[in-house]
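Order of writing sets the chain letters: A, B, C and D. Residues in each chain are counted from 1.
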Amino acid sequence: MAQTKVRMAMVGGGEGAFIGAIHRIAARLDNQIELVAGCFSSQAERSAAMAAQLGISTARCYDSYQQLFAAEAQLPPEQRIEFVTIVTPNHLHFPVAKAALLAGFHVLSDKPATLSLDEALQLQALVQQTGLRYGLTHTYAAYPMAQQARLLVQQGHLGAVRRVAVSYPQGWLADKADSDSSAQAQWRLDPARSGVSGCFADIGTHAFQLAEFISALQVTELCADLATVIDGRQLDDDGSALLRFNNGARGTLLASQVCAGMGNGLQISVYGELGSLSWLQEQPNQLLVQMRGQPQQTWQAGTDNSYLAPQVRAWCRTPAGHPEGYLEAFANIYRDFALALRQPTASNLAAGIEQAVRGMAFVQAAVVSSRQNAAWVSLAGQYTFTG
Amino acid sequence: MAQTKVRMAMVGGGEGAFIGAIHRIAARLDNQIELVAGCFSSQAERSAAMAAQLGISTARCYDSYQQLFAAEAQLPPEQRIEFVTIVTPNHLHFPVAKAALLAGFHVLSDKPATLSLDEALQLQALVQQTGLRYGLTHTYAAYPMAQQARLLVQQGHLGAVRRVAVSYPQGWLADKADSDSSAQAQWRLDPARSGVSGCFADIGTHAFQLAEFISALQVTELCADLATVIDGRQLDDDGSALLRFNNGARGTLLASQVCAGMGNGLQISVYGELGSLSWLQEQPNQLLVQMRGQPQQTWQAGTDNSYLAPQVRAWCRTPAGHPEGYLEAFANIYRDFALALRQPTASNLAAGIEQAVRGMAFVQAAVVSSRQNAAWVSLAGQYTFTG
Amino acid sequence: MAQTKVRMAMVGGGEGAFIGAIHRIAARLDNQIELVAGCFSSQAERSAAMAAQLGISTARCYDSYQQLFAAEAQLPPEQRIEFVTIVTPNHLHFPVAKAALLAGFHVLSDKPATLSLDEALQLQALVQQTGLRYGLTHTYAAYPMAQQARLLVQQGHLGAVRRVAVSYPQGWLADKADSDSSAQAQWRLDPARSGVSGCFADIGTHAFQLAEFISALQVTELCADLATVIDGRQLDDDGSALLRFNNGARGTLLASQVCAGMGNGLQISVYGELGSLSWLQEQPNQLLVQMRGQPQQTWQAGTDNSYLAPQVRAWCRTPAGHPEGYLEAFANIYRDFALALRQPTASNLAAGIEQAVRGMAFVQAAVVSSRQNAAWVSLAGQYTFTG
Amino acid sequence: MAQTKVRMAMVGGGEGAFIGAIHRIAARLDNQIELVAGCFSSQAERSAAMAAQLGISTARCYDSYQQLFAAEAQLPPEQRIEFVTIVTPNHLHFPVAKAALLAGFHVLSDKPATLSLDEALQLQALVQQTGLRYGLTHTYAAYPMAQQARLLVQQGHLGAVRRVAVSYPQGWLADKADSDSSAQAQWRLDPARSGVSGCFADIGTHAFQLAEFISALQVTELCADLATVIDGRQLDDDGSALLRFNNGARGTLLASQVCAGMGNGLQISVYGELGSLSWLQEQPNQLLVQMRGQPQQTWQAGTDNSYLAPQVRAWCRTPAGHPEGYLEAFANIYRDFALALRQPTASNLAAGIEQAVRGMAFVQAAVVSSRQNAAWVSLAGQYTFTG
């Protein structure tokens, strides 16, 4: 029923912000969330324009996120927002999340969670103190077949994992002239707004999170070789790393934004002692499983494929053969976050505060390693990990 | 702005109706349509339950579609619905559409448009008389790359079309026991609710419409060999046909619902004098183009692929590499229908009343041909076609 | 041991003849056959040039096939050829085969076997009278995974076959200017050398043979719509047909040589009551198997894939992952023909005299049907079939 | 003409040796080479059995390779062998090659060329001194589309290369019990016969060579993390490395033989400033090219594809759509080696003595790096490179 929709505010996502529009579609798709308030831009006029476009009342379109949380906290419980979704450039993820938590609101944040590991640890402490929910939009782990891949590994289907290969070659920053004229490219490559890393913070974190998610392992140490391929940039736009996992498995991670012609080709293979699997984001409804001595298998997403795990089928909306995509994966995060607020035990969040911390540990370790000419750097030693 | 959303009623789509839920997601996805009224089931209680779930006021949840149109017509123009979407079993498509048009409401209907060609011609006359909009949800033609395929053909990229091959093998009715226990299977195979054809009315129409849509041609005659593979069924569950097109090209059409293991594998190839193209619904973001003497090309959907036609890019929501799927294709129909009501000249409807008529002409011709042991039957001769 | 090699003569295959060179590689590949004699061209000089190039003694390079068989028959048994391979244009297949059989030599012939069904029946009678071996180079059925597909069907893995779809779109005759300047194109389109059909005799026969081979069924009747797309040609260059099989299954067959941009995309799907399979000649080492309610399977060729049938593994030379192709499929025919001569019971010929007759029955039925505007024409009624 | 065939001896390749049989097919396929002598096994009886099977005269089946070269050198020039092909386990590659060169015979050798870099450098010196030809059977670089890939890079089609990713996951040593019972596995994992490395010497060298071949670059330094995944083995069976190239590009290399279920999935991507390309050995006839802002392209092997470079078309035997595979790639090496002996300037050897040296430098650098916990190790500094 309409009155049961979860009430959400958005910070960021003004006109022209690619990812804000995506988040709104995702939040809307399953009809369980209502966007009732927001601060869509640091420029009041732009924010108001977006609010008008979205049918949000003027009263709940705020000039700043501080004001948003203060005002909403004063509203009656049945009117006030329940959570905020943060879709700003990176440098604002932490302050907005912190303010929201302190004001008593749950948080769903774009990644990376913060600008640094230290901030991530502060955030983790705050989440623990407040007991509020914190979700991170690692979209790729929210695809049904990524979830099925994780389950196959967790259930021992592949035997011990021996090797993980994750690769994320993009091309959208391949050309200097193009990126110089793109607002998104500019903040992605600006240390003040993106932190210590460009490419590795932006998409390396996705690759890393997916590797840990599907392998059900943790990276213990890495050696990374980051590069700034295009002269004049201040952050990495390319890099790769060797990984070691907590069960002794090894891995490789590649993330680049200067591979001309490449779209969004995130892919991962997990190789085990009994079999191996591969998943490609650009063909997300298929999961390739290759068991020793058997024909290759292609597992297909779909509500009606009874061989899929029940929780995987629940993450689909359509029967097999009716492709779902990126927006549905994104919507799974919103749907699950709404579920987390209504039925906490039923939720199955792909990424939360622990992944926020691990992601920043990864970014920081990669940068430290690269500055030491790809020396091994431990992830485990850098922070008090409580998982 | 919120007040500009197009107001919609739904007829059909109660709890458990697969396609109703799909339509609602599609209508909601782009935030341009508001579902404000409905008659979701012939059983008042079930209808009310769905209305409650959707947050529709009790007052606008109606006991019958007749009542719906009568009552809505009495509401002030700024409140009343603007169009109805029809998601019932086939036999109700025509009466509901007719009642809506007579009451002054635009219509978006699931396919096939009617139970017979005669009904389709009546409907066409009514649409012409009322000057109202009529849209048909031929989802597959609403995928961006199907649209791009059509444009390539229209622009002469392939030269003269010589041959069209369209194939739609499904397996969901492959097993008698399964289908006996499925409500959807039951009405699909019931002449009273599905008309003169089962498989060809259900998915043959999709294949036919896509063939005409992409080839930018019209089928002039066909010879069809329909089958009822599983004993005891009253309608065809399988069939194929030879086609002849109005430019002299030839074609084949296969539609079956008894091909065990097959999902929703609609695919089409258009072969021309300079090159050929292929599109597979299960990999909808790619369009394969094979020009004579050149490397094969794979055209990719995406807002940022500048080689795509502008109207194709407008049918995408995400950059290349972020897959869109069936729900987005469906949403394109809703978005375009909303556009048709607001800015009629900007609309680009994949399927309307002409496709409704042609679809029923196709079904009727196929059944007639098959009853005559696959004799050639003309489509052109069966109705006054005004396109 | 060298002396055990099977001694072969070749008729046809002079310099520049594409298929002759292919046959020679195929015969040579497994080292079981020795090319010791030949008549490579009707022009003595061209024939001698090829013999010299191949290291064949002048004495055994003959001016005519008649002379070849006469002279070889006079040689001591341990020297004389054991079989002839016929790689001429179509019109010579029958007279050369007939002469060889009458002279006591086994025959391996390119397809189609003859120019007409009547010739094929004469040939069949001759094979039966002489007790000699007759093989037909239907290469595509000699791929290991085509053989595995047939076995899956024969073993009931798919349950009853319900539908067969076979498609063979080529583009090499798409352009008039191109084909006017091609010697091969000229004889393919010349009734005197190709018989009553162009495209259907050339590649339609492949599609038909593969359909019967893999489905393990026989086509009982067909209705065909042949076309001469490019003006001025005397034979069909394009066509399609509806098929009915002896178990009640239905099918479609498409063969065209005017689909610009298409290479050699023969593909077949067999749809059954429990599952379906697909095989594409351009990806020959994979066989897609889709069982109801299970993940899709991709069966892979390879000597080491223990899930393959033993006779399929025996048709491979390399372990899985080391692709074999067209030349190896062709070599399988030669290897098996050599085996047939040495250990007749071990041979597993994909195509022999029965396929020769059926192939010509198919061509003739298709032409007759097409001339009657695609009326149904029976294959069974056209000849005394003894299989 | 027969008398122009190049005369070859084989060392190694007795009954049951997988790769020996492959080499013989490859040498035979194009009819330009004659196997006239050999020493197929260290056991005289096994050697004789193979000679008999191959039709090689007893006189030219030798008990040792030393004897072979000594005896052949005594034969008249027009009879004696011209080159030897070496298909033994690794430890014999160098002594046999050395003996052959000293006896005045050209050498074609399986890879890796030697057991150590030092041996490779000795071999290089010997090749230079003798002026004889030395070829290395890096099969994958001999596929036509790998050659086309290299040409695209060399011609600047992709702009500057920025990143190379090469991956070679196999599974044939994934299971201890399996490998314990395999003769090939035993010598591959035996330091006395395989040298300092198992997996990296066996297939890492292929990956490395292909990376340098296609990128047209040289690796200057690497850091490698090798592993012995299965207890009790003495050599690496898995590993990965970060690479740096001489133009500043970076790369990753993965080679493993313990990835259960994987066949022979060598694949490579080269990412550049204008576009990127990918090639997969298991689909060898396609080359994927993705230029910035254009549809993806799939370049297809085939004698008739005029967009391919002439030397690439010359490496094909069949028109597009008739797949060639591993044996044809292997045969390209033999064909080209024969050409090198007849028309040295026309030859286009994919791999020779320089690749032999670089391959061993790679193996040695990887082992050294791994023993130093993946420290960077320079390849350039380890030997006097004269290329």
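The working rule: contacts are C-beta pairs under 8 Å (C-beta built on N, C-alpha and C of every residue); 3 or more make two chains touch, one makes a residue touch a chain.
Here's who's who by UniProt: A, B, C, D = Predicted dehydrogenase.
Values in this document were obtained by computation on a predicted structure and should not be read as measured data.
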Quick check on the interfaces: A-D is repeated by which of B-C, A-C or B-D, going by over half of contact pairs matching?
B-C
Mind checking the rotation angle between the two copies, chain A (Predicted dehydrogenase) and chain C (Predicted dehydrogenase)? C-alpha superposition, nearest 5 degrees is fine.
180
Per the centroid of Cα atoms for each chain, what is the distance between chain A (Predicted dehydrogenase) and chain C (Predicted dehydrogenase), given in Å?
55
Roughly how many whole angstrom separate the Cα centroids of chain B (Predicted dehydrogenase) and chain C (Predicted dehydrogenase)?
42
Per the C-alpha means, the centres of chain A (Predicted dehydrogenase) and chain B (Predicted dehydrogenase) lie apart by a whole-Å value of 35
Residue numbers in chain B (Predicted dehydrogenase) touching 2 or more other chains?
262, 289, 294, 296, 300
What part of chain B (Predicted dehydrogenase) is in contact with chain A (Predicted dehydrogenase) in the complex they form?
1-3, 5, 18, 21-22, 24-25, 28-31, 52-55, 170, 172, 262-265, 281-285, 300, 302, 317-328
Inside the complex, what are the residues of chain B (Predicted dehydrogenase) that reach chain D (Predicted dehydrogenase)?
289, 293-300, 305-307
Interface with chain D (Predicted dehydrogenase), chain A (Predicted dehydrogenase) side, in the complex: residues 158-159, 162-163, 165, 167, 169, 171, 174-175, 223, 225, 227, 229, 238-242, 244, 250-252, 254, 256, 258-262, 269, 271-276, 289-292, 294, 296, 373-374, 376
